[in-house]
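Same chain, two partners: subunit A is paired with subunit B first, then with subunit C.
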Partner chain A sequence: MFSFSDFHRAFLAPAALLMGLAVLPAETVAQETPSGGRLVVAADSEPRSLNPAIVASNGVFFIASKVIEPLAEASYDEDGLEPRLATSWEAADDGRSITFKLREGVTWHDGKPFTSADVAFSALQVWKPLQNLGRTVFANLEDVETPDDHTAVFKFSAPTPPQMILKALPAVTSVLPRHVYEGTDIAANPANAQLIGTGPFKFAEHRPGEYYRLVRNDDYWNEGQPKLDEIIYRILPDRAAAASALEADEIQLAAFSQVPLVDLERISQVPGLTVVTKGYEDLTYQLVVEINHRNEILADPKVRQAIAHAIDRKFVVDTIFLGYAQAATGPVPKNATEFYTPDVPAYGFDVAKANALLDEAGYARKEDGTRFSLRLLPAPFFTETRQFGDYLRQALAEVGIDVQVVNNDTPAHLKAVYTDHDFDLAVGSPVFRDDPAISTTILVKSGIPEGVPFSNQGGYADAELDALIDKAASTVNAEERIALYKDFQRLVAEDLPLINVAEWTFTSVARDNILNIANNPRWVVSNWADTAIQP
Partner chain B sequence: MNRALKLVGRRAVSSIPVLLIVVVGTFFLLELASGDAVDAYLVSLGGGDAELARSLRESYGLDRSPLHRLWLYTSSLARLDLGWSVAFNRPILDLILERLPNTLWLMGSATAMAFALGTLLGILAGARPGSAADRVLSIGSLALYAVPSFWLGLVLSLIFAVQLRWFPTAGIETIASGKTGLDRALDISRHLVLPVCALGFIYLALFLRMMRAGMAEVWRQDFVLAARAKGLARSRIVLSHVARNALLPLVTMLGLQAATMLGGSVVIESVFAIPGFGRLAHEAVAARDAPLLMGIIVSSAVLVVLVNLLVDLAYAALDPRVGAGEPAS
Partner chain C sequence: MSFLARFLRSPEGVAGLLLLACLLAMALLAPVLFPRDPLSIVGRPLIPPFADWSLPLGTDRLGRDVLAGLMHGARTSLLVGISAAVVALAAGAVIGTLAGFAAGWLDEALMRVVDAFQIVPPFLLALAFVSVVGASLPVIVLAIALGAWTGAARLARAEVLSIRERDYVAAARVIGMHPLEIAFKEVLPNALPPVLALTSVIVAGAVLTEAALSFLGLGDPNTVTWGSMIAEGRNVLRTAPFLSIVPGLGLVLTVLGVYLLGEGLVEALARKRRRQ
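Now for the complex of A and B:
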């Protein structure tokens, strides 16, 4: 019998191979997904520059990723990447070059063709010198060769792990139009506000304090996309107002946990609204206790271990994060599956052991029941970082450590911790950016100048750890590199330059009739070309 | 006319030292706060290296001494140049002109509502001090005054926007509606109903209680007794004699209140997502954007001076004695 699956195998499969696997899902979806409509989403802030090639941050990507595209986007597939402006990539074995084949038939929103010259310009003039992440990721980038209009060869001055570059592609490779930026002051170009890209949506208008409006790009390279006619970002600075606007059906989506955790249960009961926890896997935040090792009490590893044992991670996850988080074991989060290892020293919740360790370290309880005093600076960035600060004060009181909580607003916290080192303990929330080399190893590496936020400013220095970090940064072979990062996790968990407590990411609340949401691990900051509204 | 002009001129000259004190005071207050505009910006970037921070500080002029920066700012202000906002990356004058109408609409309507309704209810309460109507109004207004405005705003929004859907939950007008003229005016007023109520209800109590207390005072005056003896109708006594005399302190209050309201309301502007002065000031502080904050404060101060001038003129109209007291130098 000639069954359907035979037919599929015989005829469709080779066709799919020819078209490139990425095209197939999009084509099949196109048959059923409705088109048209206006999607209104909540936004809580207005970035001062919207240019994602200069400012690689979630707040910018949330809006700009629909207009300006990267070379590749993150994907739930095995290799973790889905082609965008690049269709394929190949890294040389010596880690000195990566060759990107670029998509043909792509035009900029102003009608000019997209070519490898745009990629070379963006890489050399913008990503490497100007971009907050690109300055690290492309530090060794020497040149970008363009043998033809649709090939770009990235050349590195020193062996650079292709694994890191590829992991970073979605965040650091937003391509700018060379013809708009060349010969201008890139940081002050008007196109940083009035974006010009190749993406599925064109930038239409920004009414400061009110909204951003994006409209459909009819000439998008992926035929049949985008599905929506318009996306509106409504500025709603108050979090309760975002929940009200969702209930009143004035907005259809609130992302980045704009609806506070405590409201999620109530709002999930509202007919027509759903709480979505997927689509943020690549935007993992880590709740950490930063330690000032200049304080001689905290320089004693036993004291740090005692603090780690005094924290009830289950309580933190269940009560502070209401279950929307998971306990951490070390500096690499669990959802970074290639790098993560559970095989590290663990610090279970054990008050007796914490007390014993502190006694052993020579800090016996005084008459008033305390051993010593510390100043704790919780980061004001999230409700949860502040709440964890309050919890930590109580948890450490249990083991005889008297903690004074010092609350600052954002700029003051940054200055106190990362420039003035005016703290004993701090609660931080660094981001894990898919590869430990991008923003994780700097949390423990020594020799970082003062004033660098979200880096090791606690004065911790360990030669073995530094050597390991440097070696991993120049190891080209992926397996060897992963093995080095597993050692890195073991060393950090053993010596505790900082204490990893929990890992979490955001939630969205959306109307039921919004289709194709949360279908990649950076969905909220991806291009939304297939997102649609069921009328 | 000549006298009014002179009054304006005198006020303009005397307001210069006031504005200067405001500028210098604000600058040093913000300077005392730890962390600068670059720290605030780096958080929104999610971090950055030392070289990036250094070059940003240089381009923002933060590598210069505070006194140098204050001098630069005041000298450009003297040339009527408000400068550039680093937090918004736009000229400060544009930001202020963009937000000013919203704040004026919101605060003007709320003050007008509070004044009109408060005075009216105050007359009702003060017409017969101690009556049942007086008790109910006094206690009710006190209860309203005790309610925090953000809570009232949220409750109004939950009832009238989320449940009943009579009004929009937030915003100053319908997004990208393309409305113009009267349609747009109606649209904006529909959006303003809830925030104006949330703000106005609270200040209403102030005017109501002041009116009532003023009237209770006036009732004891001899001329009221004379009016009664003349056999005037009670309603006439209440309106033309008692209420009119009690109104004067309310005008003073209105001037003071208007000054407070011109600063905007961070809370109500945030709850109802109205881009006004209060939110702008909050964002300026959070971003440590000193020139922007000073721009907002200076322009509010100028408005306050103007409002006080108007109040003085209104005084003269209400009470002939005030005009006579003005020296004709």
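Now for the complex of A and C:
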């Protein structure tokens, strides 16, 4: 039986605490977290659609998560979840249903009540058919039954691991108002820009190129929240500008490493500013070398092992990431403690061994000292992915592999790698979303149609690995599932369908007087209801 | 007094010549002094200049030698500048001569093509061309030449229009020379000097355009260029400004050198005319 009694305990404890506080003099609380004020934060992009139920990405959540809430949010507690629109949940033993009890007394920003019909509508009409992650997570979702206004029962056509569904709740279950979306073209609804949700902040306005403005929702279900009156997202596409704007006190918070890593040491010395590395634990990015197995040289596992040995992970972590990263051992990052296993083949930095492996594979050095030539496409998403591309070219030159770097902008890179397969090696940055089934196994599984970004487009196919992935996807028991994913890590590290180099999360820089920041593992993309400014 | 002597009397020309000679020496000596790939990682990252005498100008974010980058970058800059100028001048002179000599509908057609190219700002043209075709040195040279040949074409045409009325051209017609032969053997050589005076302008523009393209990440990522060095240095502008300043100075000196040399040449030519 998959039990959630732990969760109930965890939930009831804060509830009791709240009741206790109601008895105690309220002023002490008020003094601790002041109300009011305007928080100005830096935003580096303006997503085309702001609807988090359709586009489950961090860039969208950064703004939309304050307006539209999920069923549950991630938490530092042991069970990892904190209730939002759902108050409790229970999974059936056979993995074919999960029952959510929904919060009562919640209203949408336009005054209509929030009910289970909204959840059923979002799940069946939006998350499953339209959402990038929901398509995988809810692939087997058959129906959502609503026996009453505050109960939603998710029915699955095949056994679905509750562990995966629960891990995915914060990212994939942003609930949309049915009365606004029903009967319209959901992807083109004006509410995708002018958001309507149940969250602590209401969407006020968007001035393209200038700012987004969110204002306090006075009717928020959680009494006493939100603390802030207003949040302004100032559009600052230039990364260097964010650091200067912080110093000038024009903005009070820059998240997602908007302040470049090289500037962090300097800016941490500025009085009144703090560098925060917490609050991103569930948003782990992985630095990987994607490999095109259609290239017969790279189809040889010895060559892939040689490449893995040629990379100095310490250099990557210390020099490219300036220590704000960790060396990776496999496809699951170390901070996913439940799933992670260190017990996999390791590829230490060893140029001699790499050379020996390449000689063994039959690619001796030619007269000019090189063995063969490869094209490398570094992803343009981060400064670090591009820098790693430059580094990889040098690292492979040391073992006699001549690498030609090809730089593309984002659309051209996605097309070249994930649609046209026009690459030999690529540097990618997939996100680990708390459970390997959500966006990690897709990186090595075969049979994925071309054009799906951040998936196995290198033509790698291994029957054993595919069978393991399929088995884990339908294993309901959490321990068995974890054991299967440990095997998965071993297989990937042995055969190297891709090479995991490092894993990193972001940093924030904030004014000292901003309270309650980074208090959950995806704080930047959570609702900020308790964030406050000390006047 | 010979042309050289007249040239040497202009201080600008001499300064420009010296500057360019230094740069040329840097470019030619780069593979001798720094036989390794200038992009290879040779030391600790971000060593400041003059701190370590084996790496006199320090290292960048990844530990690459800034001096090696500077010298190899001079190669790329001069190579791109000179080849773009050669391509632009050659194309401009040929098209201008054809238009001016043929007159009539061919002239009209060619000049409208020139107009079409002149309407688009040269840098945008280069940007669009490189992003569509993909970045490599020949493509970049072509992209820069695309925006620079029109000036040469207009100048050549104007010269040809006056030269084609001269007596020796009429004489060539009378003895039955083929019109193309007249255009390229008799007319073009005489129309060339004022067109060549554009060289310095085009070279300087090409060096800057190449740097701007690399700065925007549209250069060839497998070669060092000053533009890409500045772009990389920009990320650490507050902590290690020398990474942008050093290649920036390289650019300034190159453009200045080309400009001064051009000035000196023009002055020397003017003196010659005055004497005549």
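We adopt the following convention: the second predicted complex is superposed on the first by the 505 of 535 C-alpha atoms of A that agree within 3 Å, B and C clash if a C-alpha of one lies under 4 Å from a C-alpha of the other, contacts with A are read in each partner's own complex, and residues count from 1 in each chain.
Here is the rule we use: a contact is a pair of C-beta atoms (placed from the backbone, for glycine too) under 8 Å apart; a residue touches a chain by one contact, two chains touch by 3 or more.
Keep in mind that what you see is a predicted model, and the values were worked out from it rather than measured.
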{"item": "Subunit B versus subunit C as contact partner of A:S49, first or second or both or neither", "value": "first"}
{"item": "Partner chain(s) touched by A:V40 [first = subunit B, second = subunit C, both, neither]", "value": "first"}
{"item": "Touched partner set for A:D219, first subunit B, second subunit C, both or neither", "value": "neither"}
{"item": "First (subunit B), second (subunit C), both or neither touched by A:T319", "value": "second"}
{"item": "Per-residue touch tally on subunit A - higher for subunit B or for subunit C", "value": "B"}
{"item": "Touched partner set for A:T136, first subunit B, second subunit C, both or neither", "value": "first"}
{"item": "Touching partner for A:D238 - first (subunit B), second (subunit C), both, neither", "value": "first"}
{"item": "Touching partner for A:D149 - first (subunit B), second (subunit C), both, neither", "value": "neither"}
{"item": "Contacts of A:V405 with subunit B and subunit C, given as first, second, both or neither", "value": "second"}
{"item": "Touching both subunit B and subunit C, residues of subunit A", "value": "240, 409"}
{"item": "Footprint of subunit C on subunit A - complex, ascending", "value": "239-240, 243, 260, 262-263, 265-266, 319-320, 380, 383, 387, 389-391, 393-394, 397, 404-407, 409"}
{"item": "Residue numbers on subunit A that touch subunit B, as the complex places them", "value": "40, 45-49, 55-59, 132-133, 135-136, 193, 205, 208-211, 213, 232, 234-238, 240-241, 244-245, 247-248, 250, 381, 408-416, 419, 431, 439, 448-455"}
{"item": "Complex interface listing, subunit C residues touching subunit A", "value": "37, 39-41, 45, 61-63, 131, 134-135, 217-218, 221-222, 234-240"}
{"item": "In the complex, subunit B residues that touch subunit A", "value": "33-37, 39-53, 86-90, 95, 98-99, 102, 154, 157-158, 161-162, 165, 168-173, 175-176, 270-275, 279, 286-288"}
